[in-house]
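Some structures to go through are shown next.
Below are two complexes that have chain A in common, paired first with chain B and then with chain C.
Now for the complex of A and B:
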């Protein structure tokens, strides 16, 4: 009996930690932990201005990462999102820039350019989806080559010169938080509803979990996979609208370095790299975590190399925690 | 679920407390916007990349210049991502730095960054790369690419004259979308134009700042014109490719030896210093990193004091050559990189 009492005690102490570990809000807790641990030492982290910055940084990344979530759920991966961002940025800027744009000075410049960007992004997704399903090619290779091709195309089209002088009605989309944030929230909300409340959402998970059983059960597997890639391309283009507007520049290297952030945020959130499992809410937490980490480390004034090491270490830790948790929950 | 709510609550309270604490520290102490009250300035330094020696040397020079004056430096490196750089500049503004020194990714994406700093009333200085014309206010400290290249090539021409024969020349041009590359090409052309009896330009290699392109371009040009005896490169970082092509053609000789190809460059990096001290390189135009760093920090101090500065502060640089290598080496950043 003497041994029993402290054992129970320890268990009851560990209980909240275990509950937190088991919870799907784990990453959100980690965000809060990170924030409250760093806020006392980090000048400006808890200021209103910084919250605005944080939300502004988070919005476009969330939009790309939600697209990636959809593709990961069907068991695929889309490495071409970054060059989709670059290509649509350049094409949009070609259409609407005030120097030699096709629609220079026209009031329709902004809407037409945005629609062109979204259409082009969807088209890239369609190409990826068809190659993966109809040509039975591995998603990794298809989207890796798409990435190389589109990135080259964007640089070739611009001769590696960025395009400036975009209409102010367009740049407002990225520079005004009250415009950028609702756009990102609406897109993420739509994806969330699609995943949780629609038949299509169930199909997506069924295909990712086991495409053969899904097929036998009458799910149009190929169409579902293609739709996921199209949505991913569309969302990458929407993110490109926000990024391009924020920098006021159509750039052929826009987003070139954010692939790890996109996939990292999605996976940290808890979406499985093996398909069948994922939520928009998780991705939101993952994006929040990475954006907060980046923001806080930057405000701390650490050297670039330290930031890279800390960021890599924290992402690895989060991934380890996630793996351990998944295994432990399954047991 | 109750435990979860409790955890969230604790987190929020902690965050709130931390926030309050910050507010307190902010209200006490000197106002950061007031130059007279804060002799110790905090300067945010945002580099696009630290991947080449030149940028590392520039970054170190700014840090030591700031340290000399007792200023604090916050650093941020964007790794080639303009969006990240924008976020970093915004972070500097959040931290209420007293000035920002920026190495932009390109001349255009930095404009919204400059605008953000302008509207926060924080002076911003562009280091080594100017921005395009816009409605924003900034000061750029840049090398005088045209004049420095012209004097470098003029020195090379004076060496060529000594041989008493006419030379066939080759120039390696940078990415012509880069205003620095254009300035260097024009400087070369201006010097060559004044000495038609000495030089005939037979090869112009567009490298787009790419070492492989430079090397294959030089190999091809040497094949087509084996008598080329005068080479200028728009950046020293292309020398390894040139040297290997010259070695392949059996033409890599020291100055003064028979068959020496007159070599000149721009930047003043560690490779150039080594080639110069070994006698292979005739001259290179050195960007005076220390001058540029000193001017950048000074510009922030001046702008805070309300002085009006020109939009562009020129670094005249200097030509280092076989004749003055020893006395000028202390000022050449590449020589100092090598010593470390």
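Now for the complex of A and C:
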């Protein structure tokens, strides 16, 4: 019976690993692992200033990714979020900039511009949702073409020049961490509440799991899908407010590079591309993970292209881990 | 002469239920064998064994004098067995020629020899009498023409045995006749055919031999000469009734009187290709069965009644008010619909038991603002209904519904609808694929609901089930109601005769 000892040993070693793999906090553990592995070699990673920087980057990304989470849960995808960010950034800046803005100098400039941006984002979402449900077009194509069209539109409107001189009451929203963070947290918290405790959240998941079952069971399937896209567009616009304010610039290429981060962070968190499964908390972990990786690689002084390669590799690994984990746990 | 195919004491079980029991019969060289039996008698399983999709647990098959144990459809094909399926297995986006030689393209290195392909395809099409260019995409073909393509495919690898599974259900008379003459011609070429059909007249007209299956057993093996339809029908249905069904109190209106009071009036429902002038009344406290063969339009009718599919003509009235709109509106009118397929539109398999149960009645637990759910009340309701349907599994540990057995899954679907306290409940194949214990519990629940005054509409392919639990049975065939039987006149042979195509 002496072969029993190593057996037990192996088991006790495997146990914490298995527990971690099973846990929905897996990605958070990976963040801690990444941080503690890189911190000794990376000057400034653990500094207070860097944390501020990290959180400032994280806040708007979280807001877009939460919107994407809603759409993924309902079984769709929204590739147009980055172009929504760019377009609303430009339109908001057109409205309120101090050079030739429509509302130049008016005290109402900031609130009106923000409302316009949010309204425009919702409208983009509405268009996507209607095309997906009423015209029965694949979400991938609908939102891909929306992305191309809106990106082009934003550049055409500005003749590809960024717009500066935004009112300080607006830029504070993004540059002041004590404003940006609570805004992002409130939006994510509201989405979390709706997803876990409301009728809408349940319907969203039911449609994502099986839209035919949902339809037979009296769920207004089309309305639920449209609502998810509208919420996604609205949140993309809210993220645009944070980004535009942070950069103090209305830019037609704003957010162009973050599409992979948005979808990557959501999927790394554990939200399924096949619909039904997803949590705001998971997305928060995914966003934290990618932001941390980005930040650390930047501090290490790697070039933009190296960072892209490493990020791509890590997202692939995370996706691989996720499928493997699903298979192991099912076995 | 040795027979071409021989089954020897073949058995097959699924989940401990024997669906094919000690089956032995022979198919002679150059003969047509008619294979008949009710839905679920084991015909499909037997053909899956022959086609290599399944392997027998016990017993063996012999083909052409050799032991035949196919492990895959490819094995069956190589041995010379061709299938023409009920749901045709052709690729509509490819041409006739490409479909015929999909696994066997004439090639030159990596390139397909187009000329040779067209030539061979044309020769095969000539053999089956299909006068179309081989380059025609299959999507442009009618069902009858597609069947001929499938037969041509069987001939492409020189099949000695061709299996035709319900080939005529969607054919016009002319197309059927063309198929029959082709079958006779194949027989005179020395090929053998297994012909599976519910059209007993055609079976008797074409076959040399007839084998009758019932409950997975061979209950008759005859030469077709001298057989008649009524003998076949009595063999198909002649099974002993088991004590599976609860005793039914006479239907009452739930208000003390015995006058049947109308609950749902269906008048003249028509929809092209699906339903033709369907009218009936469902009474309070009544269990009304709808019998019929596959493809008779029963599920389609149920979907129309529940607002899932449109109808061109006719009205549906509940207590005098006309029903319109989506399933959501029907649910508000306290109508419920347990669908035929739990997997496809009955459950969210990945979601938890509790989430599935709550789905229909969620709006009643939503509170403003934000329509947040009152989980305390919801849990109470779920707990009660869980006991009512006698579901053993716990609700609070988030167990996914896909981990449950078929019977327990069906209880979850039933619970989902019972929570809404329906006054009209439509059940489409409520006991398909579930074990006997759960069956009998579901029958009991159906009766309890009817006793409380609800109207229950039960669609089933198992005649025994309908005669066991219903107060009245309607029979459908080809989208029409072709028979109505009150419980006193339940007669399995008469019902089956009404269901058979005219």
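Note that the second predicted complex is superposed on the first by the 328 of 331 C-alpha atoms of A that agree within 3 Å, B and C clash if a C-alpha of one lies under 4 Å from a C-alpha of the other, contacts with A are read in each partner's own complex, and residues count from 1 in each chain.
As a working rule, contacts are C-beta pairs under 8 Å (C-beta built on N, C-alpha and C of every residue); 3 or more make two chains touch, one makes a residue touch a chain.
Since the structure is predicted, the reported quantities are computational estimates derived from the model, not experimental observations.
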Check chain A with both chain B and chain C modelled on it and let me know: fit or clash.
-> fit
Return first, second, both or neither, reflecting whether A:199 touches chain B, chain C, both chains, or no partner chain.
-> second
Taking the superposition as given, does A:324 touch the first partner, chain B, the second, chain C, both, or neither?
-> neither
Chain B versus chain C as contact partner of A:213, first or second or both or neither | second
With the two structures laid over each other on chain A, which partner does A:253 touch: chain B (first), chain C (second), both, or neither?
-> first
Put chain A at the vertex: what angle do the Cα centres of chain B and chain C make there, to the nearest 10 degrees?
-> 130
Would you check which partner chain A:36 touches, where first means chain B only, second means chain C only, and both and neither mean what they say?
-> first
Decide which partner touches more residues of chain A, taking chain B and chain C as the two options.
-> B
After superposing the two complexes, the shortest C-alpha distance between chain B and chain C, in Å, is 16
Once the complexes are superposed, what residues of chain A are shared between the chain B interface and the chain C interface?
-> none
Note which residues of chain C are touching chain A in the complex, please.
-> 306, 308, 326-328, 330-332, 337, 339, 344-351, 355, 358-360, 362-363, 365-366, 370-373, 375, 416
Note: in the complex, chain A contacts chain C through residues 193-194, 197-200, 202-203, 205-206, 209-210, 212-220, 276-277
In the complex formed with chain A, which residues of chain B make contact?
-> 3-4, 6-8, 11-12, 14-15, 18-19, 21-22, 25-26, 47, 50, 74-77, 79-84, 86-88, 90-91, 93-96, 105-106, 108-109, 111-112, 132, 175, 177, 208
Residue ranges of chain A in contact with chain B within the complex = 15-16, 19-20, 23, 25, 28-29, 32-33, 35-36, 39-40, 43-47, 49-50, 53, 56-57, 60, 159-164, 175, 243, 246-249, 251, 253-258, 294-295, 298-299, 301, 303-304
